[in-house]
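First subunit A sits with subunit B, and in the next complex the same chain sits with subunit C.
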Partner chain A sequence: MRFIKMMAKRREISSIIFLFVLYAIAGLVNSSFLKSENIMLTLNGATVYTICAIGMAFVIFTGEIDASIGGILGLSAAVSASMIRDGYPWTTAILTAVCIGLIIGSVNGFGVAVLKIPSIIMTIGINSIVRGLSYVYTGGAWVENVPSEFKQISQKGIAGLSWMYIATIVVMIAIQIFLTKTRQGRYFHAVGDNADGAVNIGLPVTATKFVSYLISAVCASLASVVFVSRIGFVTPTSGNGYEMIAIAACVIGGISLSGGVGNVIGATFGALIMSSISRILVFLGFSSNYDNTITGILLITIVVADAMVNKRKLESARRERLKARTSIVTENLAKGGEML
Partner chain B sequence: MMRAVKAAGSKLKLKWEYLLVLLLIVEIIIFGNLNPNFLKPRVLFGSVNDFISICIISVFSCFVFITGGIDLQAGSIVGLTSIIIGVLWKDFGFNIWAACLLAMLIGSLCGALSGFFIAYTGVQPMVVTLGGSFLFSGLAIAVSNLSNTPAYLGINGFPEAFTWFTKKRLFKVLPVQFIIFLILAAIAYIILHRTKYGRKVFLCGINQRSAEYSGINTKLIVMSTYIFSGMSASIAGIVMTSYLGTSKADFGSDLTMPIITAIVLGGTSTLGGKGSVTGTALAALVIGVLRFGLSMSGLSNQYMDIPVGIMLVVVVAASSISKNMKIKAFIRKHLNLPFKQSARQV
Partner chain C sequence: METMSTVKSLDSNSAILSVCGIYKSFGQNQVLKGIDLDVGPGEILALIGGNGAGKSTLMKIIMRIYQQDSGEIYIGGKKLTGSRPIEALNQGVYLVPQEPMLFPNMTVEENILIGFNENPKELRKRLLNLLKQLSWELDLNRLAITLSIAEQQLVEILRGLLRNAKLLILDEPTSALTFDEVESLFTIINDLKSKNICIIYITHRLSEVFEIATHVAIMRDGIITLRGQVKDFTREMLVQGLLPPDTRKKELEFKSAAPDYENLKPVFSLKDYSGYGFSNITFDVYPGEILGLAGVVGAGRTELATTIFGRDRVLGGKAYLDGEDITGLPTSEIIKKGINYVPEDRLRHGIFRIGNVAANMTSGCLSRLGKFLMDFKSEKRITAQYIKDFYIKVTDQEQLISSLSGGNQQKVVVASKLATKPKLIILDEPTRGIDAAARGEIYAIINRLKEEGVAVLLISSDMEEIIELSDRAITMFQGRINHIFQKEDINQNNLMSAAFDVYQDEKKGE
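Here is the complex of A and B:
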């Protein structure tokens, strides 16, 4: 019972357990799934999703949502890939990608934080504009012929685990420490938990929301660089639907869309689950076409179960309060006093 | 006092719809000047065929937005309906109309499923409908795997009776789709603005708790709006399958954005409690004509998202600026500044 209580308290633990159960089932059916090379490949494959989900987590902590990272990823992937192909230094290409992220993120942040536009609508609009811009940039053509030296970066690593994933995890841990141990880091959860309260105690709510959009967009841009390095080409539809995957990863990892709940560790594991599903399906002998179905079922089940647990917790808390109140009243009545 | 507020409100709403009509006329004039072919009634009304799904779905989806929810799954239900019709007809030997009815039933059930979770467990509508969009588009692919036809080809060769009605034009000008849209919009208008049920939908959006306390079964009302949305999506799927003469699992996958744009542009508040069918229908037409006109003026289809996106952002920005007290005060201050100074001098 205590275990269940702990699970209910720390949602990311349930998603970690869920991940292990998934892997165990896949391993039981097809033992080659649990070979270390395959696990490493699965982890490497999760890099792009993980970076996107970490960025998205910041926005969701503040109680908003960012539906534009798919577009940002597509545009900055197209720009950085074509720059690398045309022989610009890699750092210039990466910096350009980050700049694109900063510009679009600040537009999002300005709209949502300053103009108070509902975030889902603002970012859906920006997403379609950015997606259109990436068509304008590429002319609808694929960006191919990325030099193999650049592609090799994603292949290098230690014991099969790529440096990119290791770096992502290290940064994730740093972010987790920043979010839990520093004053500025706590702002994100505080703003999402109770925006009015945060204003009243003098937290910079507008600035925090603005920064969260910047972080989300820059994460999408960095993810695009990893994307280019891993895939090696960019199509006009690259990055389509990544925003939904990132949101789903966050939700599966125990981050509540109402804001203020969850942490980036959960987002990382959520992203890992999202990217593992199609690989597990293949190992179980199904077509990977079904991954959307499984993702949908998973998302709805996890969220609904979470809501049920929360509801029960609220109910029991209320019942306890009621009990305490009635016991006082009965005591008073027994003493011959009046009802409170 | 109340009456005055109410009158002002209705005047404002009417004004917004006039603005949309004006926008539509301006669009038609501009595109007519760019390309004289555009003004031919046959072309102009024929353009409805291209965006009929946006119109049909947004008119009913605005119910969901009025209750304060959001629907991201309607697009995936379109594809699911289409592929179910195809597979039932081709591989299971159903009558085509029976297949349509069954597909509509399944579309409504999809809406009911999401609506149930949203209304009865209190999960955010966005998460559930996001999961729903994954689930239903995945199911569509699963259904298409039941068929012997490869998924990328689509199922073709529907009977004449099924494809005929969307090819037909009334008076050789008005396509039947347009009539279907008008009828559905009228039905939606009556449901939302002329029945008790419609008032309950509005009340749920304004304040769900007070609606609950005044004896309205709010959970059922919220759930029913998602059923309406799912049903309209499956009607759109049927019309689309009939018009294109082929059924594919990925129809409608890019509809989510235009639907939300149409609803927001139509004056529906995303916070709930405000909105109208007429506004939504007009906004859907505005967006559709914009897309069609731009493509007739030689803009490639892929770029179409830019103007629609800009339109969405500008409209929501303008509406939230008009509500923002700080900016209002800023404008008032700076507009009144010279007057105040002159007053002081006097």
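Here is the complex of A and C:
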């Protein structure tokens, strides 16, 4: 019972357990899966998802959703890859990608936080606009021939673990400290937990939501740089469906879609699970065609389970309150029953 | 220093809050028509007024959640500007809303400490000192979701006190509290008064005015009609102040014949009916009878009603309507059979908030309005009929229901339930949060139902309401019926003692 209570409190732990179970099963079927070499490959392969999921987490904390990061990732990847290919300094290309993220993120933020457009509508719309822009920018062609020096960055690392993934984890830990230990960090959860309540005690609700969209979009842009380095080419459909993966990663990692609950550690493990699944399928001898279906099933299962647990929690809280009330009555009776 | 007994004069120099000539309209609807109000230190101002009088709007303007069209607000002599709640918070104003607005997934401590700019360690020390000073027992590590409403209100008050609030606004703080919780809240308020904090206390309960307030102000139709020290007023004077000048007193006099129990068969019966929150309930309701159901909050009355209505599982026993077994039928069937339910929580379960009056009115009887295409002529006719019969104040049928006052919303809800032509209607707290005038009109509606032969099950925590209307009354205590009273035995004393299960029947000892 205490274990279950702790699990409910530290929701990311269940995702960690899930990850280990997943790896154990894969290892039982095919022991080569558990070789450190393969595990490092899996971790490195999770970099893009992890960055996206961390950004997405901010938006979900505030109780909103960002369905546009696939498009943002695609456009930023196309632009930065072509700039690197055309010989611009790498930093210029990366900064351009970040600027793209900032611009699209502020459009999202303006629509959702300021104009109060439902976030799912706003960001799906923006996603198709941005996706369309990548087609316009690339003329529908692939961006290829990214210089191999740039591709090599993602290969460098220590003990098989790439610097990019290590950097992501370091930043993630910094973000976790920011979210839990600083004043502004708590705002994201507070806004998602009870937006009206946040207004009443003077928290900047609009600004917090706006910033969460900026963070989400910039994360997608940074992820696009990693994407270009790792993959080496960009197609017009690159990043398609990444929003679903990032959302699923957050949810699997214990972040509640109703807002206010969860942390980025969970999102990181969620992203790792998402990227491991396709590798595990391969090791188990399935076709990777099952990827999307399994992702979807996982997402729905967890959201439904989460909703049911929440409902039960509310219901038991209600019963507890009723019980408290009747016990008050009993107490008064014991006192002699002199009411009014 | 001033003592508790001296009450400051009302000159605006010493006032903590000073409101001058506030006007506010929402669209065509003028809500505040020139409000002037001063509140001094250590003053507890009870602000009473009907729904739609503009109390909440005024408070939200003081909190800067809304902006006034014209007029000025001064806190401690400083003019309040800006358009964000933070400005009011910085000036030492804190609003404890009617429904506490905590962050359910944060701990009590996080809930209290969030939103401050000072050093967290010192802040925490201040909180612990404050708690010790107040000698409140509150586990700071509990999640807010597990707190009772009273505890949530304590957290809200702590938030205000920690901000060194000079002015604390309590919006109907007792409406969700049990008797004991109210007592402890009053102790706290008196404590705050002695610390010279000024409090605006919004309430619908006149008895509380005399119990807790030093001053009283009555708002009606966007103006303050009465203002002064509580000791200068009587209950009757306050009631008069609440009523519009032309109100007749007639609506409080209902003398209708009791149903003919000898020759009537009950329309609705429960036999050993049990469910979540109640057990072994047995009673009959006759056509043309108003059966009052009294009890304290949490006695299981609402749970009983919603279970009859098919919203929760029946654990045992039978329910009969006109002799037919309707136990455990789903809600849609129950409505078809002829039972309808006016819920306790109007906003959440009663109205379709973004619908207009006509759509709300016919929401329960859509199947009668045409097989496939809607018969809008009938809808108009039904709506017009009820608007006329129930004196519902609307500009037209297309007016949004959310823009009506609480009393008028409730009338629309009752009308929509009646449009299904029920044999039994269950009214759960039909006049909660409704002003005196509208209450009289709702009573008239209930009495008309009775005359038309509808059986009425009236659930109410307002004992006077039960006494006023019921032909018979039953009381519930901890999920069971403990007494049934005939008309002549229904009085405040009997009901109250039975509700707390201390009733002693003299006739029993024969």
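As a convention for this text, the second predicted complex is superposed on the first by the 330 of 340 C-alpha atoms of A that agree within 3 Å, B and C clash if a C-alpha of one lies under 4 Å from a C-alpha of the other, contacts with A are read in each partner's own complex, and residues count from 1 in each chain.
The rule we apply is simple: a residue touches a chain if its C-beta (ideal position, glycine included) is under 8 Å from a C-beta of that chain, and two chains touch if they have at least 3 such contacts.
This structure is a prediction, so every number in the text was calculated from the model and none was measured.
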First (subunit B), second (subunit C), both or neither touched by A:Val226: neither
Comparing the two partners subunit B and subunit C, which touches a greater set of residues in subunit A: B
Touched partner set for A:Gly202, first subunit B, second subunit C, both or neither: second
Touched partner set for A:Ile54, first subunit B, second subunit C, both or neither: neither
Partner chain(s) touched by A:Asn292 [first = subunit B, second = subunit C, both, neither]: first
Which superposed partner A:Arg183 touches (first subunit B, second subunit C, both, neither): second
Contacts on subunit A seen with subunit B and repeated with subunit C across the two complexes: none
Subunit A to subunit C touching residues, read off their complex: 183, 186-187, 189-190, 193-194, 196-203, 260-261, 313-314, 317, 320-322, 324-326, 328-333, 337, 339-340
Touching residues (chain side subunit B, partner subunit A) in the complex: 70, 117, 121-124, 126-128, 130-139, 141-142, 145, 256-257, 260-261, 264, 270-271, 300, 302-306, 308-310, 312-313, 316-317, 320-321, 323-324, 327
Subunit A to subunit B touching residues, read off their complex: 65, 111, 115-118, 120-122, 124-129, 131-133, 135-136, 140, 236, 244, 247-248, 251, 257-258, 287, 289-300, 303-304, 306-308, 311
Residues of subunit C defined as touching subunit A within the complex: 63, 65, 84-86, 89-90, 95, 97, 101-106, 110, 114-117, 120, 145-146, 148-149, 159, 178-180, 277, 296-298, 477-479, 496-497, 500-502
